[in-house]
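Lettered A, B and C in written order, each chain numbered from 1.
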Amino acid sequence: MTNIAKSENTDMNMSSGPFVDVANTPKQQRAPKARVTAQNVNVFYGQKQALFDVCVDVPDRSVIAFIGPSGCGKSTFLRCLNRMNDTIEGCRVEGDIKLDGQDVYDPKIDVVELRARVGMVFQKPNPFPKSIFENVAYGPKIHGLATNKTELEEIVVTSLRKASLFEEVKDRLHEPGTGLSGGQQQRLCIARAIAVSPEVILMDEPCSALDPIATAKIEELIDELRANYTIAIVTHSMQQAARVSQRTAFFHLGLLVEEGPTETIFTAPNDKRTQDYVTGRFG
Amino acid sequence: MGGHIVASFDEELGAIDRLIREMGDLAQDMVSSATKSLLDNDVGLAQRVISDDLSMDDKQRQIDERAITLIAKRQPMAQDLRAVVGAIRMASDLERIGDLAKNISKRVNAVGSGVMQRKLSHSIDTMAGLVRAQLAGVIDNYVGRNADALVTLRADDEKIDVHYTAVFRELLTYMMEDPRNITPCTHLLFCAKNLERIGDHATNIAENAYYMMVGKQLPVHRPKIDETSISGDPR
Amino acid sequence: MTDLSQNASPTDGSQARLKRIRAGLGKRHAREKRFRLYGIVAIAAALTFVAILFAMILSKGLPAFQQATLTVPVTFSQELIDLEPRPVRESGQSAADFRAADLRWQRDVTLVNWNRVVEDAVRSLAPGSEISSRDLQSLIDSAERFKLRDAFVANPNLLGQTVDMQLLASANADNWLKGNINRDLPDSQQQLSAPARALADELYADGNIRMAFAWHIFTNTDSRSAPASAGLAGAFMGSLYMMMVVIVLAVPIGVASAIYLEEFAPKNRLTDIIEVNINNLAAVPSIVFGLLGAAVFINYFRLPLSAPIVGGLVLTLMTLPTIIIATRSSLRAVPPSLRQAALGLGASKTQTVFHHVLPVTYPGILTATIIGVAQALGETAPLLLIGMNAFVASVPGSPFDQSTALPVQIYLWQGNENRNFFEARTSAAIIVLLALMISLNAIAIFLRSRLERRR
């Protein structure tokens, strides 16, 4: 097995080369339209640099997974996309991050508006200590998306439906959201995020606190949401990245090592570091 | 390349690899013994080949079990995944090679030690030599992890096919000369066909080994000339 | 580990290891038991002291709620009450004229010799007694004649009638009957003269004097001339006004500054200094706040002396650090995931704080407030410096009126010269104060558990 790395790695853009069967190439492999583009992103925490010259495109209506060992900068990068890093003292971001061609770090852009366009789901399910209905209704309420009560109710129900949670909670919409199971809470958080109709949804290890069944439900949900939303997900589970994403980016020590179609990353990655990581040979 | 963080993962992969090598060695041995027993009309040797096939089947089952357990336990990725899937495929090819060798050995009695056999021994022997060389090359290059050599080897299969066509025509001629030859010739024809099939399996193994090492499939269409399907004139 | 495995076979090694572990085991368990014992002893000691305190206060204070009360038939006789009937407003009479006439009548009522009415009433119970007027008067609380007067003013038709009324016995009579004073002491050391003592005993034996529940403790104000009728109403209202001032000022200011410091203020040298000083403020002795109050609120702002408003302001200053520190720590205890959830949805910083963070901290803030207020309620020292230890014989109508406060009242009664009577009274006041504090804490616990359940 030691010789594999020695054998010549054919380049990615050899898709027209003699050894790749074009008919078998998955659709996603064709360069999709980018929704979010990041160019030469550098992030510093005080003196310490956390990300080095990261360039990634998040393609429209598909799922991109960020994988890598702990502390590799994948979560940091994810949080750059909706400027959640702003809340961290001493965090500085350089480089270009554009959402639909608009610079996210432009001083003229309103963070509140940005976050309404780029929603986020966190590692630990964190519903507000309020009722299920209020949890979902909160976003539309503060952004003034509903003009009256009926409209608000409609948004809540649609969002819960989209998050495949409605059937489970329709009889107890006014009970506290914290009374749900972990997996339901996370789906509630997803419903809350999609209630403001964001264009991009960021997910920071959304299943790390859930059991396998709940995880499977979330994964199924992510797959459904892909039709309407652009999703970027950070995960520690390579199997999960392989299951839910169309493209995968591997981060290591603050560098973007490799980014490509998920199939390639998990069956025949180009970079030795990626290979070592996905096969469990790291460190 | 460093080992896995989980050392027993390496051991499990190593065990599968070792089994493949053993099967490869056994397959080579069976093919040589089968041809030898056919040419020398050595019934004892033929019997040994037939019994070797049992061990071949057993090894294939072992590989299957180990591979499935490993997938379930470790969820291998990238090269590991390719190694495991490749091992399953190669094992089934090797097992088929064993079956075919056994089939040749079974025909030793039927062919007997008649005139036909001596007349043909040369061309069958040549063909068998090619097949053995092909198989040995594939196994050696798999063991030595030499992907480029595998690509060249694959092309060599063509030669076997050419030889098979020649043997086929020769046998046809004998059968037309004397209808009494038909029985032994038919058996010999099957033997030749079996050798040709062994070559094909060797080619499959080469393709799988290549995918396992490089991570890319060789193109499916390879030049293959089988003129026996057109009874009569080749194009 | 290594030396064990080197010099012995594996089983021997594990045996030796087990032995070593067991050798230390006894010691470890003993230490654990010892520590538990320390804890139990400490708690038992604390409980014992609390029990002793409560037992003492209750045993001393509870009898004060029962006071000797004389039930007598009072005759509003024509001879003694020689008055015109109460003026009625006649047609054509101006309002001012009528009021003047009415006031004149009321003054006349006051000038009636009510002492005599009381004396006659008591004498009617002991017809054979040769007791002097003075001695007889000494049995009845001197404020009781006003009770008769007030009853008459309220109902002038009583003239010429005889009604049964309850009159408080004087503090000295109460002491004598309860045995608070040694009955074997010679006359010169007794508070009551011999005939008065005899009459008191006689009335008590006849059942005319009974021990009745002393409601007036809650309804009367302090009194020096008539100690038996002294009550806590003035002090209670004073304390209540102060608490209102504290709650109205300290809670919003404290909570607002805590929120600003914790959520919005940049972390720099200045905020560090502010933080340190808030913590220092919490450690400043309360009497210093009293000095500050006297200097600033009374001398500079010219606020009235002895007024609950000033007391409230001083106590506000004292309570602020408590509320700020407790609110900040409960804000800090809010999991960051909640803030992230709100921010991630696009809520602004202020929306995040007010919609999500603050509601979670309500129980904490509430507890802090009640603890702070309870602490302020029990504070005496600063109030002494702003004149709240003055004797005030009226119930304050507003926070700007002169008043005293419960703990100060306790302090004043504790210093009263009529020790026999006021020792019990002091304890009674302490019971009232403690009851108030316990009920404040109970409210805090109740509200807290309700708020937490709602989450």
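One rule holds in what follows: contacts are C-beta pairs under 8 Å (C-beta built on N, C-alpha and C of every residue); 3 or more make two chains touch, one makes a residue touch a chain.
Just so it is clear, the model here is predicted, and its values are computed rather than measured.
Visitor: Determine which of the two chain pairs, A-C or A-B, is joined by the larger number of C-beta pairs in contact.
Guide: When A-B is set beside A-C, the one with more contacts is A-B.
Visitor: If you take the mean of the Cα atoms for each chain, which one ends up farthest from chain B?
Guide: When every chain centre is compared against chain B, the largest gap points to C.
Visitor: From the Cα centroids, identify the chain that ends up most central relative to all protein Cα atoms.
Guide: Central chain is A.
Visitor: With chain centres defined as C-alpha means, what is the inter-centre distance between chain B and chain C in Å?
Guide: Taking the mean C-alpha position of each chain, the two centres sit 102 Å apart.
Visitor: At what distance in angstrom does the C-alpha mean of chain C lie from that of chain A?
Guide: Each chain's C-alpha centroid was found; their separation is 61 Å.
Visitor: Taking each chain's centre as its mean C-alpha position, how far apart are chain A and chain B in Å?
Guide: Chain centroid spacing, chain A to chain B, equals 48 Å.
Visitor: Can you name the residues of chain A that touch chain B in the complex?
Guide: 1-5, 7-8, 10, 18-21, 24, 238-239, 242, 266-269, 272, 274-276, 278-283
Visitor: In their shared complex, at which residues does chain A touch chain C?
Guide: That would be residues 82, 84, 87, 89, 112-116, 119-122, 124, 126-129, 138-139, 142-143, 176, 178, 189, 192-193, 196 of chain A.
Visitor: Could you please specify the touching residues of chain B with respect to chain A in the complex?
Guide: Spelled out, the residues of chain B in touch with chain A are 1-6, 9, 13, 17, 74-83, 144-148, 213-220.
Visitor: Considering the complex alone, what residue numbers of chain C touch chain A?
Guide: Listed in rising order, the residues are 267, 335, 337-348, 351, 355-356, 359-360, 455.
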